[in-house]
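Chain nomenclature is as follows: A, B, C, D, E and F, assigned in order of appearance, with residue numbering initiated at 1 for each chain independently.
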Amino acid sequence: MSDLMSNAVDLMMVGMGFVFVFLVILVFVTTFMSKMVLKYAPAPEPKAPVTTAKPAASDDAQLLAVLSAAVAKYRSDHKK
Amino acid sequence: MSDLMSNAVDLMMVGMGFVFVFLVILVFVTTFMSKMVLKYAPAPEPKAPVTTAKPAASDDAQLLAVLSAAVAKYRSDHKK
Amino acid sequence: MSDLMSNAVDLMMVGMGFVFVFLVILVFVTTFMSKMVLKYAPAPEPKAPVTTAKPAASDDAQLLAVLSAAVAKYRSDHKK
Amino acid sequence: MENILNLWTGSGLYNITAGQVAMIVVCLFLLYLAVKKGFEPLLLVPIGFGGILANIPEAGLALTAVENAIHFHKPEVLLALSEVLKVPFDVGQEITKETLVAFKEAYKAADSATVASAMNVARDFGYGNGMLANFYSVVIGSTVGPLLIFMGVGAMTDFGPLLANPKTILLGAAAQFGIFGTVLGAALLTSSGLMEFSIYEAAAIGIIGGADGPTSIYVASVLAPHLLGAIAVAAYSYMALVPVIQPPIMNALTTAEERKIQMVQLRPVNQLEKILFPVAVLILVALFLPDAAPLLGMFCFGNLMKECGVVDRLSDTAQNALINTVTIFLGLSVGSKLGADKFLDLQTLGILVLGMVAFAVGTGTGVLMAKLMNLFSTNKINPLIGSAGVSAVPMAARVSNKVGLDNNPQNFLLMHAMGPNVAGVIGSAVAAGVMIKFLGG
Amino acid sequence: MENILNLWTGSGLYNITAGQVAMIVVCLFLLYLAVKKGFEPLLLVPIGFGGILANIPEAGLALTAVENAIHFHKPEVLLALSEVLKVPFDVGQEITKETLVAFKEAYKAADSATVASAMNVARDFGYGNGMLANFYSVVIGSTVGPLLIFMGVGAMTDFGPLLANPKTILLGAAAQFGIFGTVLGAALLTSSGLMEFSIYEAAAIGIIGGADGPTSIYVASVLAPHLLGAIAVAAYSYMALVPVIQPPIMNALTTAEERKIQMVQLRPVNQLEKILFPVAVLILVALFLPDAAPLLGMFCFGNLMKECGVVDRLSDTAQNALINTVTIFLGLSVGSKLGADKFLDLQTLGILVLGMVAFAVGTGTGVLMAKLMNLFSTNKINPLIGSAGVSAVPMAARVSNKVGLDNNPQNFLLMHAMGPNVAGVIGSAVAAGVMIKFLGG
Amino acid sequence: MENILNLWTGSGLYNITAGQVAMIVVCLFLLYLAVKKGFEPLLLVPIGFGGILANIPEAGLALTAVENAIHFHKPEVLLALSEVLKVPFDVGQEITKETLVAFKEAYKAADSATVASAMNVARDFGYGNGMLANFYSVVIGSTVGPLLIFMGVGAMTDFGPLLANPKTILLGAAAQFGIFGTVLGAALLTSSGLMEFSIYEAAAIGIIGGADGPTSIYVASVLAPHLLGAIAVAAYSYMALVPVIQPPIMNALTTAEERKIQMVQLRPVNQLEKILFPVAVLILVALFLPDAAPLLGMFCFGNLMKECGVVDRLSDTAQNALINTVTIFLGLSVGSKLGADKFLDLQTLGILVLGMVAFAVGTGTGVLMAKLMNLFSTNKINPLIGSAGVSAVPMAARVSNKVGLDNNPQNFLLMHAMGPNVAGVIGSAVAAGVMIKFLGG
């Protein structure tokens, strides 16, 4: 068997082996992670990262709504 | 006549000559191309490149419409 | 006092001194500029830069409106 | 008069070679496929157009400053270059084709310091890099282009279906046989004496089987840059041909019974799972395969930006302005490798054949893996989703869905196929990392 | 105390020169024209602002690391540079203006390898390129900036009117007389002893007559980079002044009768024609004028992306995010060439005068060409659309339309004028290619 | 077999160090803060992710080609490098940790020409810059990244409130005490022997008190690049913590009476004032502090684009596609400085403590300045808006508003606080200029 052939066979063994090992581990890690998430942070929680980030924004929104009357007066410039 | 002057005159002759030659050829090529197009691929065809590309998309659109009911169920995350 | 300390003190004196000098000048320049603007170019003028730029555009808009009928005819391609 | 003569002897018509004409025709055909047939137009339009630009005679758009200087072969320039490149040369001597080949070979073989010196000489004589050569070195030579595309793809990928049914990841693993099988194929072709590929070239060709544009370009640019043009063209063309290539294989390897299997509906996936997934992949890459870190790192980064929900403006830019900009330059840069001397070669034919084999093998092993898994599982998988493991997102998943509908009009496999489909992206990036590691990058 | 003194002797007020004050005033005037008068604001706002930045004393924003090192003329730095640049210098010697000029001249004349060495020395002493100098070298020095603008312009150009009436292309050819006539004018000025222009400078000035910003910047950066600032300012200013410059000339060269000519309505144009047109132009460029390939190649590429209809997301990016980004940097980079030493010069006056002449001549020859064509054709052309051949898209076409309406309120020439208008873009890019070819780029 | 061994000995798991594990945990914590707690996510998500990438063992993503070559320490490579870097080395000798440290030190201390040669050697042996190292040198090393962010911030800033009440600018001046007070603090820590900071490091740390991300990164990259990671992390973290840090200080330094002061409503501001303001700032910078020209020049340029109303498409791009793109790369580049060897250091602890001090001092002096101004003015200022002078736009202004509302539910201070808030941005850019000038940049 030529050097190239043996190299190619080696590459195939190592490559496919590694791809499978890596993705099998990924299956387990993913499954485990999902279990943990569903156990400790079920349905309502998922939106948390979004909702925790939003307060500031909605705080602003409300703030801005209150302020808009006052602000409207001193804003002569047409675009803001 | 100074060297610069003769250079400038040369540049003008060659330049304008070439611009005209190039654009005259372009007139002919364009006219010929338009004739060919109108002969072999008249009005309805023009939209072809768009419509041939679209099928996949509209295929999707229809597909997605069909799927949306099923998908809606398992999508708890509010933004997609 | 160590060399570092004296350097730090120097930096503080020069730095804060300069920050104040610069921003005090800015206060005066800004105040002066605002006075000049309000004196020579009061309320209606402010939109000038925008309105002077717009004519061309609105000129076009009107132009395009007039043209649209004519143009519509020879445009078979669906998207523009 | 002399000037007019100059214009004529410097014109394309006077200088064009048969190879350049052929390549321009090939590129026009690519444009036709892209525009009229909808073959991956986002890449093939820039690639095709770049290919035409690269073949404009005398313009030297795809050449570096030194290559341009050699091309125009003024004696005093060659003399100056000969000192730097250590090529024997005499001002008086006749300049033959062989002379120029000697210069080109010496330039190709030169070390970095010599290349820098030669560039200085060429610049001093007024030669510069062609536009496409600059694009290539900035976008592909630095590897940043494929990585940014991968980031954008990450920001557009939804791992929901994969998370709902993680074992379908294995289908994405099995389909990578296409990659390594093709390496073997290239080695066989070489052994048979039909063609000549080095192991680097074989690996770069194999990656076409990953059915993933940026991964193919990345690996080819690292392992065999001279084949980049043909490899990218093959990869994108076959991705566009997935609806033609895959169905016969899928039908041949499955029974009508199997094709009718209805899969259980996917469970809803929690947002937090989606956020944690790219981080988990990144950690696994860090622990097991650092060589895949650039590709998978950027991919996971894009996906995290999308899913975390707090950097939507970054995610939007990654999915739009940024990926579009990079796509334009990446395509033109790939096109710069479609010069006649590099593309019109027996190797290109081999690449086209092997690339097709790679797709077919990957499709087959994906389907067979699904059948194998069904032997051990009560929760049956429809083997038609196995073919989606080659990636070619989302085309391959759509093909699975379509073939499924042909066999059972109530059977919507699209979402089920998206799992192996995106797993295939990870799978081929892992395979790329192994190859780069194994072949000593 | 010493520190406060440092702040004062390092301040702008202490170091500012009369030239810098003058240039800042000039740039403020450019900003005024752009913002208040609507003079091509997209370019003149960044150019004007960049010009102010370039004239901030001691900041060295438009200087390279070596130029900055020379400017601050520390003896030990000059000594180190003197060895690299081969300038006679003694640490003990008095450092006069002449000393610094000698260093600057030596740096300008140095070959690439020496420049690289000098940069290393300057960097080792802590000097770096100014921000604008970096922008300039990346965006204009590499020529990529004007090319990308041209791609974006291509993606915004509709060749429909040109395709509907191809013979109007000839008007776009005739208007290029403005370019070459101006070269002649510059040569005449030099012969008369009033000013001093080389043929390279004359050609770069002539291109102002092309009425096309990116083409002007591209040619100037290749043939006469030191005049780039003045040339770009003249080009954009006169483009903004087209509604003032052109009408008198148009009226002088035509009879009221001619101005009332109504043209036959344009035929509808097929989408396929629009797709094939940029490809046809590219092929012609490849065959006849490879030196125009970068400019026209990118222009045609942009246009193909727009018309082919399958890569709309790329076309959108080329027309928006990408062209806007490049415009910002291109403008600032042009501004970097508005340093007092380069701009406040008799040559600038010549450039402004000649630039105006170029516009006037181009307008005139365009109109006359239309009259000439009417002699041989039954399908009469309104000669007012001839002036649109200078390009200045779409301003010149609008001027044709407006003058037409003044003479016949029912006569809408806009669409008819768009044909020569876009042909003028191709025409001046061809002229640019000829110049670069002829003068040995 | 050997290949499998290679994969294992080249894996992360085999090579990971405790420091890298620790840094990955730190970065995961940063991601947690960004995603879950909303801590400046636009920067901390890319920084945190970049930090993980930088700590992937063997991937060398944050290392230059030479550093990678040293890391893998093949004898023949070290031999070649030893000649360039003048490190004593023998092929046969044992390669210990000390050997590698010697190489690294020599590389760090090398002049530009030597670095270039070493890079050539490393490249010839197949080593390249890591992806993050490339990002760092292009985005931060060139200083272009922070400057473009500043341009975008300028294009998003409304100087209306400041123009309506210019004397609030002084609050923005007073808050800069945080910067210089911290420099003093760092000097004190060094004097006390607890830690060791040079004046450059002290200055770079002080700038955290400017509460302005891009300014901090800019100054740190110029004065102390090795501390950049810790400084940027501290700056953004404390900016996110402004709502926690500031209120106690504000309450401690003011009476309930003062906190209830209602301020007169702001007058409407003319568009022309808004256009002239950035130009005025630029002229002042040109006259008094050229060293602040890059930062404030780009800031004013962005603001002029926004206000002038005639280049909206450029302004839009500056505020969106461009700033988002730069943010992605800037964040990843900052992350590249979170390598274990650079971050896990006593100095980092000092930086975190001093950064907190800087914020607190700036908040305090801003409030006190307001009280001082009230002594001399009839038009009373609510001292709660003084704290907004630290910048941290618009968070600090919101904090002023919130604390104001707590004391008087009718008292809306937001707009009043925006004046000092944006003045604080100018103030810390001026302070940055002074530092760079003073310490000889």
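Definition applied: a residue touches a chain if its C-beta (ideal position, glycine included) is under 8 Å from a C-beta of that chain, and two chains touch if they have at least 3 such contacts.
Keep in mind that what you see is a predicted model, and the values were worked out from it rather than measured.
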item	value
Minimum number of chain-to-chain contact steps, subunit B to subunit F	2
Shortest walk length in steps over touching chains, subunit E through to subunit F	1
Far-end chain from subunit E, centres as C-alpha averages	A
Furthest chain, CA centroid comparison against subunit F	B
More contacts between chains, B-D or A-D	A-D
Separation of mean Cα positions, subunit E and subunit B [Å, integer]	26
Inter-chain centre distance, subunit A versus subunit B - centres from mean C-alpha coordinates, in Å	38
Chain centre separation (subunit C, subunit E; CA means) in Å	25
Set of subunit E residues in contact with two or more other chains	3, 7, 35, 38, 41, 268, 270-271, 275, 288-289, 308-310, 320-321, 434, 438
Overlap residues in subunit B, where contacts from two or more other chains coincide	10, 14, 18, 43, 46-50, 53, 76-77, 79
Complex contacts: residues of subunit E adjacent to subunit B	162-163, 166-167, 169-170, 172-173, 176-177, 179-181, 183-184, 186-188, 190-191, 197-199, 202-203, 268, 270-273, 275-277, 280-281, 284, 288-289, 308-310, 423, 426-427, 430-431, 434-435, 438-439
Residues of subunit E touching subunit D in the complex	111-113, 116, 142-144, 147, 275, 279, 282-283, 285-291, 293-294, 297-298, 300-301, 304-305, 308-311, 313-314, 316-318, 320-322, 434, 437-438, 440-441
Touching residues on subunit D, where the partner in the complex is subunit E	3, 6-7, 10-13, 16, 24, 28, 31, 34-35, 38, 41-42, 45-46, 49, 52-53, 55-59, 61, 117, 119-121, 123-124, 126, 131, 134, 320-321, 324-325, 327-328, 332
Residues of subunit C touching subunit E in the complex	10, 14, 17-18, 48-49, 52-53, 55-56, 60, 63, 66-67, 70-71, 73-77, 79-80
Of subunit A, residues touching subunit D in the complex	2, 4-5, 7-12, 14-16, 18-27, 29-31, 33-34, 37-38, 41-43, 45-50, 53
